[in-house]
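Okay, so here's the structure we're looking at.
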Amino acid sequence: MTIPASEMEGHAVPPLGESEEGVAGKVAGRSPTQLAMARFRADKLSMISFYVSCFVVFAAVASPILVKIGVFDPDGLNQDKLNTDLGGIPHGAFGGVSWSHPLGLTPGNGEDLLSRLSFSMTYSLGIALTGTLITVLIGVVLGIISGFSGGFVDATVGRFIDLTLSFPQTMMLLALAAPTVLLIRKDVSELPLLGFLENPDLANGLFVVIILSAFGWPPVARVVRGQVLSIREREFIEAAKLIGASRKRLYFKEVLPNVWAPILVYTTLLIPAYISAEAAFSFLGVGIKPPTPTLGNILRDSVSWTTADPTYFFLPGIVLALTVVAFNLVGDGARDALDPKTHR
Amino acid sequence: MTDMHSNDGPYLSVEDLVVHFPTADGIVKATDGLSFTLGRGKTIGVVGESGSGKSVSSSAILGLHRGSSAQVSGRIVLGGTDLLMLSDEEMRLRRGKEVSMIFQDPLSAMHPYYTVGNQIAEAYLVHNDVSKKAARARTLEMLERVGIPQPDRRIDDYPHQFSGGMRQRAMIAMGLINDPGLIIADEPTTALDVTVQAQILDLLQDLQREFNSAIIIITHDLGVVAEMADDVLVMYAGRAVEYGPTKDVLTHPQMPYTWGLLSSVPDVQGDTNAALIPIPGNPPSLLNPPTGCAFHPRCVHRSKVPADLCTTTLPELLPGSQGPGHTKRCHLADPDELYRTEILPEIMPDLIVED
Amino acid sequence: MAISKKPFAALAVAALATTLVACGGSDGDNGGGSKSEGTAGGNAIFYNGVRNTEHWDPQRMYIGRDLNNSGRLFYRSLVAYPASNDPVKGTTPIPDLATDTGTSEEAGKVWKFTVRDDVKWEDGKAITCEDFAYGASRNFATDVIIGGPANYLFTYLDIPTGKDGLPEYKGPFKKTGQDLFDKAVSCDGNTITYKMKKPWPDFPQSIASLRYLDPYRADLDKGDASNFQIISNGPYKLDGKWTEGTGGKFVRNTNWDAKTDTIRKALPDTWQFKEGDTEETIYEQFLAKTGDANFGVTERRMPPTFYSRIAEAGKLYTKVESPFVDYVLPNFNSPVFKDIKCREALKFATDKTAWINAGGGERAFTPAYSAVNPSVPGYEKNAAFGDIPDNGDIEQAKAALAECSAPKPVKIKFTYSGGTPTSDKQASALKAAWDKAGFKTELDPLADTYYSVIQKPDADFDVTWGGWGADWPSIGTVIPPLFDSRINITPSSNGNDYGNYKGGPEVDAMIDAAYAETDLTKAASLWAGVDAKLGEDVAYIPLEITIFNFLHGSKITGYSNNVSTNGYADLATIGVTK
Amino acid sequence: MVAYIIRRLIAGVVLLVVMSIVTFALFFASPIDPAQFACGKNCSPAMKAQTAASMGYDDNFFAQWGKFAKGVFVGRDFPDDPKLKITAPETIAHCAAPCLGYSKERTSTVTDLIKQTMPVSLSIAVVAFAFWIIGGVLLGVIAALKRGTLIDRGLVGLSLVLYAFPTFFIGLLLLKFVAIQWNWVPVPEYTPIAEGGITGWLSSLLLPAITLAVFFMAGYVRMTRAFVLESLSEDYVRTARAKGLPKRTVTFKHALRAALTPIVTMAGLDFAGLMGGAIITESVFNYPGLGKLAVAANTDFDLPTLVGLVILLASFVIIANIIVDVLYAVIDPRVRLS
């Protein structure tokens, strides 16, 4: 979230020291992973938020199908159910709540809010997840490589990080949005296999993903690099070197498994950050546009209906908050579970 | 006043000390019913693998678990007062003054942001109402005493600018600056190389003589014990498994775990065909320790005990053949015989001869 | 609508509506506005809102709001419109800096005006005929004086045109071809003479409606740097400097003599112009009736989100029909819509009602049946659209689509000026209707890039959106600017003819005939003929006429949405109470 | 030390050069024609060509960048047209060094625009910074010290929820209710110290600063908490307690000092980022700062302004980085600058 240039910076994940022989470390018999799992399960809050997140993910996956089979109708008009004299706010209490429209209708076009919110997860989460994956991928690869090979490579990556971090993210986002999306839709979509990028939704979505990952990877790279440095000298790496393992093998077979914990935590915390980032971007008019729903563009419309249609104003905000909080708590839970030292 | 202590009863007596940590994974029984006594000017060595509860017990004596989730019970009587009965504040006032601790790995044990002198003086200032200047003078004196060259120049250095040995000396200076009655040295030499080890140990002994203080030295190195300690306490899975005068325990160990420890010490002046017999298996889980004798899963002599007592019943800590002063926690009928006939030839062939 | 849209859309300028229908009725509608007479003194505020003023340079201004406001507060020209809501009076020029409304010779090919000798600039210097000539000449500096309506002068003023399509006179800075200009525009004492290539009967109205022939001070002209410089000759002058994005403060101009000015009441002591507030902020403040907003007036239309609170506003609420028309344009270059049948299918399928509802309902728009606003003289309901139901005619649409040559389902791409929640809603409403008729519509909302995209002749949209208002009450300022391919379509741009409509010799002839007609009423009917032809070709599909819904501060007096200011608040008469 | 700083500065300058090139390349590649925007709608190809020329967009990439770079050191003229210099010199806008370009849309040099908007953004940044550092760090420490208690959970929970709502959402609510409807504070309108005095200035910044602070505070509470917890479990803290130091001394002198060091870094960089203008907050409250300028410049593709801003903001970050590193060395004796 930070969107922000460094408006996102504020939410870097605290560094994770690997758990040394703390009290729990003494416990033999179960593998660290099993222990972490056990700890995570033991934490009610984490579990609840985990279920919530699962539900969100489910909604994201299920909605497109539900739309296909006609259960959901995110952009179907019900203008007959609106009071067109009052600027098109729904007839009936609570923004036109009814059996057919459990969360009411959107003002203006009278689309079904439930459908829209649910379907918006598909896009918002889609963006957040793809963004996170790419971010983490870049971060991990560069982090491992620079941490492992050190020297010139390390320095270069370092400079590269500096360069990336000194770009004002939100400004670049604004300034590049229109041209880049045009570029994607006109030229990139000409390339073989990329024809689908002509679609404005995909193009806009892709742009958001690009921005998020282009500016998001440095912290990941740093965390990973730190981890790599700390394990680089460990015996098993030496051993692997001795038996003449290839670089690639070293990096990804030997090193990667030993830095997964921080990566996992970082990932789980990036997702919610990116979800609210998408919302913030929408406010600036960047990202997927209606009628295709995203949490961001729904919220952007709903905020102006504070008084006229309170239901429509509150629901999207609450849904967004709930989602973000849930994912964050899962992330925290994961960190606490994996690193008892910072345990509650 | 010191005399008074040495006359009636021991200076420190720990009775049935229990330290339990409730964790997300269950209760960790770090120390379970530990008892021992220690007189002024005497040294006790507490031996055991890491995680056997050595450090935990000693920090319990310092009251470092106060304010944490740890559950501490039993009695820790120091100079006539039960430390566990004291209020946090009273305990704090004793900490560093009557009891002080010398930690292992002084690099992490010293604050990286403050100068060595500053940190030592701090320990003096908190317990003595004196000027900063006086404290600094005292600090210099202590640094001098622990053998830091040109203390007046090093006093304003930061810990990371000291060598390992120097840091350990500084730690000792910090621990002794209020000449406490009881010093707990937690693995004071593990981080150091052999020659420095010797120096530090000598230093400790000199200081002990000077201040007539009692020392608890925690280590997994029987060599250190042999050199320093009057008594030795072997701990396993949070319990004392053997306890007695050092010489006695080292020459006539009564407990297979102690044998294991002995056998895993490379004998410095010993001959080369001395076999190193490591103890098989891992330290037990303190969450759910093995039934009966906690050592049984790793004990090769289990078979020699009838009706697998080892697995079912926890042996008492009782005097063995070596008289009341030397207690052990083991079901074996005649450990001496077993040790002489089976173990000794293995680990110290040369000792057989003189027998 | 166009006005409040993104950059270039705003260039469409308000018409002088001959009738601004004051929709009377319930919830405090009172057309003209609070008629109570104001007293002098106090400080008034004008909220420019999120659309910053782009130019205060008279020759560069082309936005209705700024033309009106500057004309009422600090810029005067030869002639101007009186502050009146009377359909005729409000749109008939009266002398302002000139002694009369101009005399034409050679059937409108030569125009003469005499400048008053008792009028001064804010620095006390007298306003001379040369100042007017210089002002006119600035329009030709096409590399510096950008954005204004100079095209009219290029079309009419008697200055030869070079190969590049630009006049051979390059303006007062480069001075290339200065003699050409001096021949066309000349001063004789206080009398200025404009010589035209062809008759220009409504020339005075163009002067009163736009500011491109305002006088300008050669000695203070810094070209581009003068963009926000205001050399006042009206009742107020800029105090300090204008800050783009924040605004500026106007105080009384002591060198303005009320006796020379019958139009401007100039009641408040100061006028504060504020830029950057959103409609929500402005209207919430009006409704809260607290703070400075009580002394505020705005040009921003009330967002639909506030319609449910109009009762709260009471007398502060006004509602008038605007001189703007919105429409969609089929792209004649698109494979689908080069076929008339497909265009007709789209025409029948278009659901005005859905579009209107999505945009705020009948309070926000009223259906349109021509690209020409009913307020423009000579307006006729375009037969091609008149008798289609407002919510479209699915049956005819399907029928027409069946004959449409394009492969079924007919995939079309609707590129529109999005970026605001409302515009997005309206687009999806339109899409729904078209899809019902059998089209398969892809929505392509563009924000800032909208015009730069659709103006490319090779742009790949099938339908696009457009909005326009006449520059002055003549269809001649609606149809040619929008559909005359000769002045619009160049290799690099289609100008305002986004649909790339080419009427061919037939239509071109009709347009020229209408232009040539010097009798304005005859001309009007000729124009109507052209519009009918456009309807037959489905060159455009009219959507609606914007209705202005305004609130103003509770301490504002003399508020009135005059026809003379295109239905916006007429700052000439506004005052504030303590 | 000095040598280090100098070396870093040089590196920073190099970085800036690279940045400016990258930025130029990005915008140069953009399919949107800035001249078209500047020229307006009824703009014939010829007129557009003239506009492009007067804005220098007709040059090739390197020429454009070269002129820009040259302008930074010696300044430049707009339009740079020798003929005009003779016939109408008064119409040529001179942009004195360091010239970041000239905005035709705003008819002002970018440097002037920045001079104009910078104070606003800086003000918001400073006040918000104060709020969130004091608030965030304080609450974070409290949470850590009261770990596990209701207070702790409450604080962490609250920060999470606040963090979950986007800035614009919170900002709009504050503006609509706190300022306009309940009228607790006047509708925010930036007042420079010169006009309103410290109090006027501060009160005019209240809502925007809070909006911004809330966002960062949420992050800082959690970060601080984590760092403090970590350092509380450090060996040297145990040593301090073993010395018999009072809790207060242990916590504040020993634990916090170490814990807050990383926060300093974070805060420094975040602040630098903010000086570049909080785009969303400024738009919500209509504050004429760098952020708002960026938005405006973006709506009409005012390239000179955009490029100028990017470079400016980048230099903030770069300088902040240097300061933070130096600061770090001052705080942590182990860090040696070289």
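For clarity, chains are labelled A, B, C and D in written order, and residue numbers in each chain start from 1.
Going forward, a contact is a pair of C-beta atoms (placed from the backbone, for glycine too) under 8 Å apart; a residue touches a chain by one contact, two chains touch by 3 or more.
Quantities reported herein were computed from a predicted structural model and do not represent experimental measurements.
*Asks:* Per the definition at the top, count C-beta pairs in contact and tell me whether A-C or A-B has more.
*Replies:* If we tally the C-beta pairs in contact for A-C and A-B, the bigger total goes to A-C.
*Asks:* Distance between chain A and chain C based on Cα centroids, please, to the nearest Å.
*Replies:* So the centroids are 45 Å from each other.
*Asks:* Starting from the mean Cα coordinates of chain A and chain B, work out the distance between those two points in Å.
*Replies:* 51
*Asks:* Which integer distance in Å separates the CA centroid of chain B from that of chain D?
*Replies:* So the centroids are 56 Å from each other.
*Asks:* With chain centres taken as the means of their Cα atoms, state the distance from chain A to chain D in Å.
*Replies:* Between these chains, centre-to-centre, one finds 24 Å.
*Asks:* Hunt down the residues of chain A that sit against at least two other chains at once, touch-wise.
*Replies:* Within chain A, the residues that touch at least two other chains are 178-179, 182.
*Asks:* Two-or-more-chain contact residues of chain D, please, as numbers and ranges.
*Replies:* As it turns out, chain D has residues touching two or more other chains at 32, 172, 176, 298, 301.
*Asks:* What are the touching chain pairs in this one?
*Replies:* Touching chain pairs, listed by label, come out as A-B, A-C, A-D, B-D, C-D.
*Asks:* Write out the stretch or stretches of chain C touching chain A in their complex.
*Replies:* 280, 303-309, 353-354, 357-364, 418-419, 421-422, 424-425, 427-429, 431-432, 442-449, 453
*Asks:* Quick one: which bits of chain B touch chain A in the complex? Just the residue numbers, please.
*Replies:* 21, 23-25, 28, 30, 50-51, 282-287
*Asks:* Which of the residues in chain C end up touching chain D in this complex?
*Replies:* My answer: residues 6-8, 11, 52, 54, 62, 142-144, 146-147, 149, 151, 164-166, 172-175, 221-228, 243-246, 276-278, 280-281, 284-285, 288, 290-293, 447-449, 451-452, 455, 481, 490-493, 495-496.
*Asks:* Tell me, which parts of chain A touch chain C in their complex?
*Replies:* It is residues 75-77, 79, 82, 84-89, 107-109, 178-179, 182, 199-200, 285, 289-291, 297, 300-301, 304-305, 307-308 of chain A that touch chain C.
*Asks:* In their shared complex, at which residues does chain B touch chain D?
*Replies:* Residues of chain B touching chain D: 59, 62, 64, 67, 92-97, 100-101, 103, 105, 108-113, 119, 122-123, 126-127, 158, 160, 174.
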